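Both of the next two complexes hold chain A, though its partner changes from chain B to chain C.
== the complex of A and B ==
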């Protein structure tokens, strides 16, 4: 059984010796046809490792025939690229004019004190990287702090510790109680009209939706989060990424047919009635997050 | 052919000629630091500044990168040009006071004092070494790194380069470090003459304080005696 989450996985922290040149070759393969795309290659490497390892840049240089000097020059030029390993969480303090006059400098100092590093550095346990930025364009809300892509406004010195604790816990975990875009739906089989709800298996704090899936002569159960907006699933057998599966009702054992094609990946979309009227269509391709809800 | 006026003199030059080449061909001296024949023009040092056009729309451009245009009026030594050049030299002198080339140029332009905070850089980021390494030595061992005030020239990751052949061309062309002897960094040393003498011509501790240049080399001077 594999617990799967749609949460951005920032736990992939690689040390220099763990870098697999095969991964880098795979990335290079994608861009082999075009001569441009150095920035795209570097972006992809950085998104995989969190930074640009020296060995990776050397491989890129060998494979693309570009000199290492040019590649290093590009990597060192853009602030987005980092040549040093970064922490699991990124805390970014705005030091723009508006934030500055409202005391952003103090906030930075507090962050530095709490983490024991100076701006631009990463803590020894590689939990946090502290950065400053010159303007985030949210000047009315200053001082602004961004932690892992989540914005915090009017940050004061006293709030810093709390923010760091929140960051450590993981801000990307969905706050189900408070988020209005997320609500539970109960889905039924289009044939026998029986509910998929499974009270015995809880995902995201709500009963999950149970169905059977068939792929490659194998059949097994899948339990999906009943929350619209959450993509958390558990499966009996691991389903490879990008595979299209067919769904089978656990009550009447009939296959649920795909009636339309997914607008994003062209796999069949499977319609199911939703309790309270309307229907939901979900894409049958593993990894595709296309969902459509028509409420009547 | 393109007709233009340089310091009131009507001249015709071939298409593609830069203002610097045209002026030098006519014998008007224009000081440069980052220009070298055989290397692509770069326009980094701004010393070759000339004034083009007519007042009030006259403007300063770097002559090494500006191609000759039909009917262009160029002044190579107007008071505005000289003022700009002196300012640039003063700034260069403030950042790289050790450079003999810059000292000589400053002296020739009548600079007797320097109003800016003294720094002791050994690079003016003119890019000559980067260009000679790439264009003449076909090595591409060094390049620009980072940007803004952190911009520097060197090898990637500051590691010894695989493609560098220790030809020394970068040091040869440099107007700021001018064949600085690298005896104190033996792994980078090109000549090592002074270190191989018995007894060595200078002690390492002293060396760091000495402004040792490879031409003339102290060791070579000793040998002659």
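== the complex of A and C ==
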């Protein structure tokens, strides 16, 4: 099914990263009653660690009662799973038919040459993993390359070096000063309609948005960047990653209710009116970047 | 606040708190629709922007942000609206902005163009220089519907994508979504549903074309004591095809509605959508849509107070082409390796968890609400007698207008390629169209008059498949294409049947030899023999059709094979071992190629014709891709 990338390489199998068996147990618990069984469990482990660590597979085997070889069989069957850790960045070249007839093979070769590896491998410095995929379904724009989740269309051989450079620098980084797609929004309390803007506290070069947050019987202030597209915040008390907090209006002291749930993490989403028309919904989980700006 | 089921509940919740609204009867659904319909203002100026995967890749998300920024800054929210949608089909032109009610179609829009477009829309004018122009004639189009790419289509399914934001269930309901449930639930006649689907003549859009109504009838007859399953196959594995991705991303509720109707008709108890993980946006939109439908009371226990219960879960594939095959897909849903098994028993007898199961493709499900909206008889008038309805194709490759096209069945390949696709993308002439993915075949240019229906395509040695249509020109080598597909198939063969596991590998090796100039004429006989054996002795659809790429290229392009073998020459200039690079008199001596050559094989002074050293050249094509004056020849 899958080519040599899946062959068990014992040297690489032991993770440098500590695998917390509690995390694995939580994943097992989550999928105990849902469809998809083992495949879904392995998918989540793969997404969390970037590969399937042996310790994790052993825990899965112990808990599900399926033999390790059985689990290995499933892991080796599907292309998505990897038994080796991947690099910091993932470059993926589409080899669908539409991309193929437009020269995707040459693009792969150029990536291989630039990185000094073949498709399926990771560079020695663990910076890049190069993969190919059967089809990403963006066929009108072929050849297509995806680096760390960012799509690039009509890629030619001569563009490859530049893409790698961009990837190394980090494609998720935003240049707040130069990027015109980032802009300030003034958010108001849905109850008293007073602005959260705080001219005295500057984040990203703009007045921040101030509110209070409550968690674990503790209250404190939070100041968020007013830029739509920036996730910078300052808080009085440290909010642990993944914790859900409730927001309280600093003017009228009422709690801002979550009305819908986040499509990414299931935490409540908090809607607030935006100056100029419309409303913004913010996920209340620390670390979740889900924000939706609706114009009404 | 009024409680569920009370008079005025829907209206009051709609005004106060739409997010907690839950419908408890068919009448409440009707009420919700009429409220939503009143709030629809079709004359309000509106920007429609696609944020599907392809447009996203072209930068549409940046455009959307700038539109929001501009509307907020200028306080225009009352005057102009924004709708973010799924795929419209013309992916090559992204990112684009469609305006309503004008229907102006601005293509390949840049961030700086947004203010001009908004202002023009507000004063009912046009930004002339951004309107779509026909690349051949230069003709400018003021209305999207006049553009040849759209004009010759019949977009029953895709046409809805531009009307709704896929993450808003109210958009779908306002456009008549879920309205079919009103009729279906009030009739209380499961058999009527199955008969309507049979009357419509709908055939499975996944490739084989099995009559959907017949499949449903078989499921309906199965005992449902232990539960029955409906599966939506969204494991769109054919490379070069993305119809299902666009429907799932752009209109997930149509699939859910189709499955609810199907469940009511067949008395299925559980639904599953099996979607491939290469489509993250489709997964996301589907998850949101399922949640919304559950919260509104359209899925789950006692749907709309009818006593009928049905829910849908999502299972994400992990990247295996063979999982598109029914029995492999079932095993994958069960969390096992996706190896097919012998049929019978058929899935309709023993499917998921050993229970009766019907599997239909995404596009098939999307057709179900349409059948009931228009009526089965009217649906059957589209297309030809045994091939009713429309079919979406992914028209890609060496074609001018690439994208998704939806046409009535029975139209010719020529109409699709020339009237809609606009013909060849480059100077080279078109040679063939490949349909049906790795299981399909090639249709040569002199047979473009063939009608696109299940039977006619099979007659010429190809298949309808799920709808991939890859256009090839004189620069595409047919030996290379056969080799490409065979490489794909040998990697994706699950290995259960010996003939498929080894046969695809051997066919690949022979094709590889031919493309490397090591082929003999005896190889061709061996290829044919192998192809027939693999076809006859394998168990599942993947193996039985694995020979098609070889057989169909051999059937129509034997000359190309022979040229590779006897003259050691690749006429398309693709097979590396058989070509040489040289520089012709067009060369202006710019040294661009010298700078990119990884082997230092090119020499030459500035402003003088350069030379390639054939001994050093690795035929990587880097020089050709940077040359601006077409001075690099491949022979």
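Some observations on this one:
Criterion: the second predicted complex is superposed on the first by the 178 of 296 C-alpha atoms of A that agree within 3 Å, B and C clash if a C-alpha of one lies under 4 Å from a C-alpha of the other, contacts with A are read in each partner's own complex, and residues count from 1 in each chain.
By our rule, a contact is a pair of C-beta atoms (placed from the backbone, for glycine too) under 8 Å apart; a residue touches a chain by one contact, two chains touch by 3 or more.
Just so we're clear, the structure is a prediction, and the values are computed from it rather than from any experiment.
Shared-chain residue A:141: touches chain C; no touch with chain B. Of the two partner chains placed by the overlay, neither chain B nor chain C lies in contact with A:120. After overlaying the two complexes on the shared chain, residue contacts for A:240 are found with neither chain B nor chain C. In the overlay built on the shared chain, the residue A:205 is in contact with neither chain B nor chain C.
Residue by residue along chain A, chain B and chain C are tallied for touches, and C comes out ahead. In the superposed pair of complexes, A:110 makes contact with chain C only, with no contact to chain B.
Judged by the touch definition given at the top, the superposed model places A:77 against both chain B and chain C. Residues 73, 77 of chain A contact both chain B in one complex and chain C in the other.
On chain C, the positions that touch chain A within their shared complex are 17, 19-20, 53-54, 56-58, 62, 65-66, 68-69, 71-73, 75-78, 81-82, 91-92, 94, 111, 167, 236-242, 245, 272, 277-279, 284, 287-288, 291, 313-322, 332-339, 394, 396-398, 402-403, 434, 437, 468, 470, 472, 476, 481, 484-485, 488, 491-495, 596, 598, 620-622, 625-626.
Here chain B touches chain A in the complex through residues 140-147, 155-157, 161, 163, going by the rule given at the top.
Looking at the complex, you find that chain A touches chain B at residues 54, 57, 67-73, 76-77, 83.
Within the complex formed with chain C, the residues of chain A that make contact are 1-3, 34-43, 73-74, 77-81, 95-103, 106, 109-110, 113, 133-142, 144, 151-153, 156-158, 180-183, 185, 228-229, 259-261, 263, 274-278, 293, 295-296.
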